[in-house]
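This structure is in structure tokens; I'll ask about it shortly.
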Amino acid sequence: MATINKSSAQLMATLVSNKRVGAYHQLLLNVGDLVKSCKPGNFVAIKVGGDSSKMILRRAFAISRVSDISQYGGTMELIVAPHGSGSKWLCSQVEGTEIDIIAPLGTAFGIPTQPINALLIGGGYGSAPLFGLADVLKSRGCKVDMLLGASIGSKIYAPMEGKRSVNSLKIYTEDGSMGETGRVTEPLLDIIAQRNIDVVYSCGPMGMLRAITELVADSDVIHQCAVEEAMACGVGICMTCVLPVKNDDGTTSMLRSCIDGPVMDGSRVRWDLVGKVPEAQ
Amino acid sequence: MMTMPVDMSTTLGNAWFPHPIFTASGCASSGKELAQFFDLKDIGAVVTKSVMNKPRHGRPTPRMAETPSGMLNSIGLQGPGIDAFLATDVPWLLEQKARVIVSIAGETIEEYSTLARKLRSVSGISAVEVNISCPNVENRGMVFACDPDASRRVIDGVRKAIGGELPIIAKLSPDVTNLPDIAKGVVDAGADALALINTVLGMVINIDTMRTHLGGKTGGLSGPAIRPIAVRAIYQVHAALPQIPILGMGGVASGRDALELILAGASGVSVGTASFGNPSAPIAIQNELRDLLAQRGFTTLKDAVGYAHREASI
Amino acid sequence: MMTMPVDMSTTLGNAWFPHPIFTASGCASSGKELAQFFDLKDIGAVVTKSVMNKPRHGRPTPRMAETPSGMLNSIGLQGPGIDAFLATDVPWLLEQKARVIVSIAGETIEEYSTLARKLRSVSGISAVEVNISCPNVENRGMVFACDPDASRRVIDGVRKAIGGELPIIAKLSPDVTNLPDIAKGVVDAGADALALINTVLGMVINIDTMRTHLGGKTGGLSGPAIRPIAVRAIYQVHAALPQIPILGMGGVASGRDALELILAGASGVSVGTASFGNPSAPIAIQNELRDLLAQRGFTTLKDAVGYAHREASI
Amino acid sequence: MATINKSSAQLMATLVSNKRVGAYHQLLLNVGDLVKSCKPGNFVAIKVGGDSSKMILRRAFAISRVSDISQYGGTMELIVAPHGSGSKWLCSQVEGTEIDIIAPLGTAFGIPTQPINALLIGGGYGSAPLFGLADVLKSRGCKVDMLLGASIGSKIYAPMEGKRSVNSLKIYTEDGSMGETGRVTEPLLDIIAQRNIDVVYSCGPMGMLRAITELVADSDVIHQCAVEEAMACGVGICMTCVLPVKNDDGTTSMLRSCIDGPVMDGSRVRWDLVGKVPEAQ
């Protein structure tokens, strides 16, 4: 019956592990069979603060990767930055805590049917869903290069195992504390040219997604980006998370990034209008 | 515990509903999004997002801010326009056997009448909710619901355009000096029921940018934070107009909260913001409410409506 | 982090205060009770509980209900009456070298004038806060602050009785359709500053007794739940009357919250309900505020007042 | 400088033990030197729900007893009934948690300078402060009898050690599941007569305190009772916790039960006016 949110469920998931990794926390949730419906790009909406919390809205986190073979059964991994009170609460939960989640939500990265050359670009914790994506692309015979950037080294998330599924990994930090000094957008066009990139997959701050879109605008490269807008509900009922997106007829619609995203075609997003309103329809 | 079954049915004007919990306008989109979490026909009705005559982009983002036990929103009535809405959303809901209350909003008195005329010919709708908490472009943007005269004229226009059949629920704003006065005006003008309360005008300033946080500067405060305001509003209006059914809303997040509004005088209860934290909130709240009524010995929901107004027995 | 010292002084009318955080009327009694937790002279001033002409018992208990991120109170202005108050409480506060703002309340326009006359001869007081959120017994119990004309007449009477020296701070209720209108009226009538906001009218129904929970039925909602309403009210009134200083209040529980009200337009901030959870809240909030201002590069608090109204630079 | 709340302090106290005892939880808080200023009858105000709680007010609990010689240093014992969300939160805290408290607050039971015959009456968790009181009275050479009542046996709090400090202990439950069947007020006058009671100390539901006051009204027995009114602040600044109390001149004042109580002279309380307002002054 349902056409929207159709594989998502609300459940209590046990937190089976909570480890600090640089500036982030790596959380592992036991979600059982739910892993079967999670695809790279999907996100999870989590209730924070406990029963008597003044925080009434869920927090959204990209599903970093799922595993069906771990010792705990089906697990979902999240990479969480302790930002405000909700994410800090989540990062402070101890193993064994039951966490109220709704997942999987939103669109997933499009997986090509042909073996293509893919470039995955992550900013900060935006790298989280890219490793799961890399696995899938690899299994389809794609060539997968990865570029990660952050302001400082501790905000680069690049787990050992993850590195195995990519052909190359290049890291940029603004302060030079890890990898090259600079931003991921600097070497972008060179890499695309050198490696014959067909598709760029990106996840990170909106400014980075916009810059990538502009850089590849005049090429044939497809750009799939996972956007991040403040969300009140995560399931499509509140209309707070909208982005201006071009329609085929040239008009612009305010689309919900929770159900028409987070993965969107970068060239469709009217980055110039984010935070503004299109002319009256 | 053994409890008697409770007759949970309710009426708003001449519309009958088998269940007393409704979605709140703007907090369930047009219903499709929630169908994954519960069966829409199991609650009283889906109250759809207020629709205007033409399609509309709404306000710029950020459109929301979480506040202590509440949130601000400034959506600005983004929507597809009444024609697209009636062509796609209403038929889908009716197909699901859900009951539908269509919420309408306008910028002029004429726009409300136009919307009502378009609704008149649609069959299967249970009622129309007239959201008059909209800026009146013909009167310096003053919100209709804050102006007794404008409120009355909107409802009068809708009543004339829609004919005598479809119940009209006038949705009022709590941001007024004298709510019972506004309520009386719209009832005189032909409203069969009242929806109380719309959001409370609020603002958040982002202490990093040091500017208003929302794209639209001000926003509507909703959620548990405003529940005491909703209870007071419902109690006041029920005391002034005991015959007029009230669809209560404002911060309801549990069966306990729904019961509180019903005791204050609500015949039905809409669940808004709580659905954002828990998309199956409407059905969960309805089940909790049934249990609470049964525990208190009520055999029908109607007996609990406005119970707090009775003199305490000694 | 190395930060510059911040000049935290502020003014309300011709009254100067070395610090910008105040207690809120009715949330610090007459000061003695808090002296164990911090030194009263280290904050801007103690705003005393609204005092009436005669001693008064107030409302029956229960007088409070906790609500999500807030509380309702219905104290009903219990107090010793102005004569006893001036004889004992004010001298004690002045002995502590605390600055004092006396809050007065009346049931008639004449009562306010009488109170003002009694205050006129008292030396050492910094300002008088006129709480006009009281029922007007001469007009069907309608709250003065909800009636533009009655509000104006109260302030006019106080101005005439008190002479030109002592600054008058008119304390307004948010429960009105048009707050800037009421604000303009009291300023025209002689108010030097405005206190925003008093509590929001609310109600809780006890789902066990199934009756209103408070002895006084309705109560005033305060605490973090109402902060977005306070910010909006302060912003609206500061936009309409940028020259008039505002003593802001409503849900302030941290330095961050105080800064939000200041950016919206408050020259000083009163801490009310937060003191119930943490009796040293006023001083803690003041210290946090100083750090936040310093981090943002402000060298004086005054530069931050109303900052959110400036056009964002591009 | 301060005359009110003058020995009270706000501090973080470590929860060193949390045990279920019947229907209650016995909590032990490490409060260090603060124990020195705590007297039987005083209470503590506790912040509940954690940092992001929607509960903004403290909860009041009688200080059941303090000890200076425990293995943890100065400790304070509380007996907490899991009633609503705040007390349930408190009862669910694990050992090691830091609890934000303000103590000691309020008036204490008056301790006679002469060795008298005392009867201590507790209803439900109201027995908590009576054992600490019994110790003090005993050390002053008083004879101490105790009467405890509750609806059911699990709501009788009567620890082993506590029993040692009383000369006799009698228990009443309404359902007869422990001790005698009935209410503590039934044998009251007989016990007073038989044992030559000089002072009754009581703590429990308001109805019980009122009934005791009425029973001893025509005698010379002094009745010190610890009242319980809903409190928003606990320190005297909100005026929510008031009770009508007779003045010497026959007028009635609404006194704050947090600073003029909780221990009050039962014969002064106008029980008939509780929840009402006295005639205009």
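Descriptive notes on the structure:
A, B, C and D are the chain letters, set down in written order, and residue numbers restart from 1 in every chain.
Methods note: a contact is a pair of C-beta atoms (placed from the backbone, for glycine too) under 8 Å apart; a residue touches a chain by one contact, two chains touch by 3 or more.
The shown structure was predicted, so the numbers you read here are calculated from the model rather than taken from an experiment.
In terms of the stated touch criterion, the partners common to chain A and chain D are B, C, listed by label. For the pair chain B and chain D, the distance between C-alpha centroids works out to 47 Å. Rounded to a whole number, the gap between the C-alpha centres of chain C and chain D is 35 angstrom.
Each chain gets a centre from the mean of its Cα atoms; for chain B and chain C, those two points are 34 Å apart. Annotation for chain C: residues touching 2 or more other chains are 68-70, 223-224. Chain contacts: chain A has residues 54-55 touching two or more partner chains. Taken together, the touching pairs cover every possible pairing of the chains. Listing the residues of chain D that touch chain C in their complex gives 1-6, 8, 10, 47, 54-58, 102, 229-230, 232-243, 252, 254, 259, 274-278, 280-281. Of all residues in chain C, those touching chain A in their complex are 68-69, 224. Residues of chain C that touch chain D in their complex: 26-29, 32-37, 49, 54-64, 66, 68-71, 73, 75, 78, 96, 215, 223-224, 253, 273-280. Contact residues on chain C toward chain B in their complex (touch as defined above): 65, 67-70, 72, 146, 175-178, 200-205, 207, 209-212, 218-219, 221, 223-229, 231-232, 235, 251, 256, 259-260, 263-264, 292, 296, 304, 307-308, 312. Listed in rising order, the residues of chain D touching chain A in the complex are 48-55, 85-86, 89.
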